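Please find the structures below.
Presented sequentially are two complexes of chain A, the first with chain B as partner and the second with chain C.
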Partner chain A sequence: MKIGIPRSLYFYYYGDLWLRFFDNLNIETKVTPPTNQEILDLGNKLAQDEMCLSMKIYLGHIAYLKDCDYILIPRIDNFGSNNQTCTNFLSTYDIASNIFPNKILNYNIDLEKKQSEYKGFLKLKKDLNKSKKEIKKAYLKAKEQVAITKKQKIKENIKKLNKDGLKILLVSHPYNSYDEMIGKPIIESLEKLNVQVIYSDLFDEEKARIESKKLSKELYFKYNKENIGSIMLSLKKIDGVIFLSSFPCGPDSLVNELVIRKLNLPTLNLIVDDLSSDSGIQTRIESFVDILEAKNE
Partner chain B sequence: MKKCYLGIDIGSISTKGVIIDYNNNILAKDYLETNGEPIQAVKKLIKSLKEQLPDDYVLKGIGTTGSARKLIGLMVDASIVKNEITAHAIGTLAIHPDVKTILEIGGQDSKIIILRNGIIVDYSMNTLCAAGTGAFLSSQAKRLSIPIEEFGNMALKSKTPVKIAARCTVFAESDLIHKAGLGYSKEDIIAGLCKSIVLNYLNNLGKGKKIEGPIVFQGGVSKNKGVVKYFKEVLKMPIIVDPNGHLMGAMGMAILAKQKETDKVYNLNFHDISFVTKGEECNRCSNHCEILRIYKDDELVDAWGSKCHRV
Partner chain C sequence: MNKIIAFPQVGDYAYPITYLLKHIVRAETLYIPHISSETIELGSRYSPDFVCTPFKYTLGTFIECLELGANVLIQLGGGCRYGYYHELQKEILKNLNYHFTYINLVTEGKTDIKKIIKQFKKIDPKFSILKGLYYLFITKNMVKYMDEIDEYIRYNIGFEQEKNSFLNLKKEMLNSFSKTKGYFSLKRKYRYYKNKFKNIKLKNEPRFQVGIIGELYTVMEPSANYELELELASHGIAIKRYTNATYLLFEKKKKVKKYLKKAKDYIKYKMGADAADNIGRCIELCEEKFDGVIHIKSSFCTPEIGASLIIKKICQKYDMPLLEFSFDTNTSKVGMKTRCEAFVDMIEMRKENEKVLFRN
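Up next is the complex of A and B:
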């Protein structure tokens, strides 16, 4: 049995957990390569006009896995009331099961209906042909391993806040920040300009969510709350914020504007789609860094 | 020998260059059309600047900006290559040290730069669309068979500008034809176009920005008196249009080159240099990047365009 894992969307939240979990069970996995033009083209062909770039890319990654027995597509709805994820991503399970012939390996996180991640994983036992005990052991072990690496990553990220030089917080969802075609070129050009790039997803989630209330108590998007929290937690140490979102993300367009209006911070708002020109983005990044440098002098 | 510095601004439509002395006085300047061939345009430009430059000056720095900044920077071995925003701001500050807002409308780009105390604090650029830029105006001028140079003067004659949808070049065209068919005069239509550019610009780029005076308006479109008039009217503030406004990007680069001065001495003999670019689609992976290789005197000096940094 081979499980296909798309290197997109949820992979950047749970990839580490999945790979360790399947590895602990000795199940073979295949992860798609970093996004390339072929994957984007595949996704574009399948996607509807209104879907965001990140979702188009996700569909491309799924299509790339056609030779796998199963493709892992969780349905992640909420982490309790007022902790919603993206409503579009929710539909990916249904979309994929309608347009792809592969079997879909699926689990559900819906805490409002008392569906936890752990319960979701236990339900995989039938498809994976494993006992409840085996699944439980593999899951708990994977969770433990993931917690250690995540902690390490957060520590390294926070460390950058105390380094010398220009520090910019990249506020984005990990599926954008770490995507080969969305975030990577932007991070590379920032690093070329000797900027310390701090990632908004590498902060303590719980702390970030609590901090986000200082800016707004009404928001119910889990990922955006964490992004706001990362800004509040690093506010005093960063020189500026770059918002990176994929067109036409609804929550981002609302929340980024909220931050821009409420906090008096130097910000650059980058919205990308698959037609964006590299040179336009380059000019914006360079001039933003110039401005921050001039301010520091 | 006295020191001087060269700044070149290679835009989509025009190529601008200035040579300044140590006190930012302009010693030589020129402005010509890029015609889609930045390398040829810059060779011509430098030849013209060289003829204007007095003999007792030695060139101590070159800066490039504009859409072809990287390519030309490589060709002339520039001491500094910078984006247009910074270049325009630095150039404008040299002439108007108290400027607080720079409106810039060029061939395909339009920008707004907000400065406070001589530092850029905010800016924005047009993103997806070129409606309301110089290219838009010149295509409408062509449609009405009016030379673009007379556009401004004709707009000034109008008392009641018509309303035109300037959000999109294609829609503006149908609007123009429609309004002409209804019997509006050319002057009113042209004035309407100029006004719609101003409104479009302010709604688009000026959204949420605090536009305070002194305001400097530059870029090719600042030569259009009609657009200047409506900026004044809509913003209810005086607008400064400098006769050298189109040179501000180049000026800024010359100043930045001055700040970066080293022992190195530059020359202006580019006419005989062979500078060739060769494009190729790379088929090594599914990204199919377009790689552009740049050869100076038959030697590969740089290549860009590939996602994996392959040359």
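Up next is the complex of A and C:
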């Protein structure tokens, strides 16, 4: 049995967990390569033209996995009513099952209805042909390992806050910041300009969610809460904030606008779609860094 | 300072809302201006670029109302992004130097009744919950009656013998409803007008039936869909539409399960907002042998974008004509009209072909 895992969207939240989980169960996996033009083209062909760029890329990744027995596509509804996700996270499974002939390995997280991640994983036992005990063991072990690496990553990210030089917080969903075609070129050009890039997803989630209340009291999108909470957690140590979102991201369109209005820091709002030119974005980044440097002097 | 209340314009629901507010709080309720091209322009000027259109429409209305002197704004809110509008709209209007109280009724898909009562008490210290409940009950029934009669109008308005007889009577009914004294007087009025609507003379023509499904605001607010229903009616089409206030407020919880069951060959979960409902409705329309399906939404409405992909698949399977509109603030009405005409022509041609096949 080979399980295909698209390197997009959910992967950047759960990829580590999945790979270790299947490894613990001795199940073969295939992860798609980082997004390339071929994948983007595949996605563009399948997607509705109004879908967001990240969703188009996700569909492209799934299409790339056509030779796998199963493709792993979870559905993540909410982590309680005040921690909801974007509606795309609710519908990807159903959209994919209507487009692709492959079998889909699916679990559902819906804490409002008491469907936790653990329960979801246990339900995979039928498709994976494993006993409940095996799955439980593999899941708990993977969870432990993931917690350690995540802690390490957060530590490294926060360490950057105390380094010299310009420090810019990149506020973006991880599936955008780490994507080869969305965030990678932006991060590379920032690093070329000797800027320390701090990632918004590598902070303590719990703390970030509490801090986010200072910027938006009634926000109920979990991932956006963590994003803007990271601004409050690093506020005193950063020189500027870059908001990066994929066109036309629903939650970002409201939340980022609100935060930019409230924030007393230099900000740059980058919106990427599959037609945006690299050089245009490059120029905007360079001038933003120039402004920050001039301000510091 | 006098309190003057304003709320966004959705369909004809300004009548029952004004009625309710007039009776439960001692404050003035503004006569809400209809959405015009200026409203839309105002709204889009101060909105983020790719937010969904209801945000722009309601923001435009709020600015117009504030200019007219309103100082209490009520936003409905809801699930998906709609529940989060209020925080950004408040900030935008504050930055424009307006002073107001902002009440949001639904957030996270839930209503915090205690908080709302508290806010109403701030507007009117003598706000009484008991009185509020009584008028809420009457208003609920008023909305129910309105929606029921609207359904009849929608199905028949394209076939009236005398032009505008439906719309004129509807205006008369709404005015009469807003002067209702109590529950029984409302019921009497409802029976009277129901009878009157049934007596409007209709042309005896064969009719095509088309179902309209889609995102709630665009479906319910005529200016958001550029008066699509009237346009279709002028081509002699009987319209069935599912979404109205009665559905959203009282029936959705029950019916969603029915629609999910109906759509179980296509979807397993709810897909946010009304997406799953619309997929179920689409199958229902196909099974009931309607002549066409029209799926409308505001641009960038994420749940409906996903649903649209599946609706296309269903319509292909059932060989059902499908027309899709994604309305934006700068959609041209002429373009909409042309597409409607072509759609109606296509339906007519299909019917003709069927007849020919049958004769042979």
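FYI, the second predicted complex is superposed on the first by the 297 of 297 C-alpha atoms of A that agree within 3 Å, B and C clash if a C-alpha of one lies under 4 Å from a C-alpha of the other, contacts with A are read in each partner's own complex, and residues count from 1 in each chain.
Here, a contact is a pair of C-beta atoms (placed from the backbone, for glycine too) under 8 Å apart; a residue touches a chain by one contact, two chains touch by 3 or more.
Because the structure is predicted, anything quoted here is derived from the model rather than measured.
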Combined model on chain A where chain B meets chain C, clash or fit: fit
Which superposed partner A:294 touches (first chain B, second chain C, both, neither): first
Touched partner set for A:95, first chain B, second chain C, both or neither: second
Comparison of chain B and chain C by chain A residues contacted: C
Touching partner for A:36 - first (chain B), second (chain C), both, neither: first
Chain B versus chain C as contact partner of A:116, first or second or both or neither: neither
First, second, both or neither for A:75, with chain B first and chain C second: second
Touching partner for A:280 - first (chain B), second (chain C), both, neither: first
Touched partner set for A:248, first chain B, second chain C, both or neither: second
Overlay on chain A, chain C to chain B nearest C-alpha distance, Å: 7
Overlap of the chain B and chain C footprints on chain A, listed as residue numbers: 271
Contact footprint of chain A on chain B as seen in their complex: 67, 82-86, 119-121, 123, 125, 127-128, 285-288, 307
Residue numbers on chain A that touch chain C, as the complex places them: 48, 50-52, 75, 77, 81-82, 84, 86-88, 90-91, 93-95, 97-99, 106, 108, 216-221, 247-251, 253-258, 261-262, 271
Touch list for chain A against partner chain B, complex: 36-39, 180, 185, 266, 271, 275, 279-280, 282-284, 286-287, 290-291, 294-295
Interface residues, chain C side, partner chain A - complex: 48-52, 55, 80-81, 83-88, 91-92, 95, 104, 107-110, 266-273, 275, 299-300, 302-303, 305-310, 313, 326
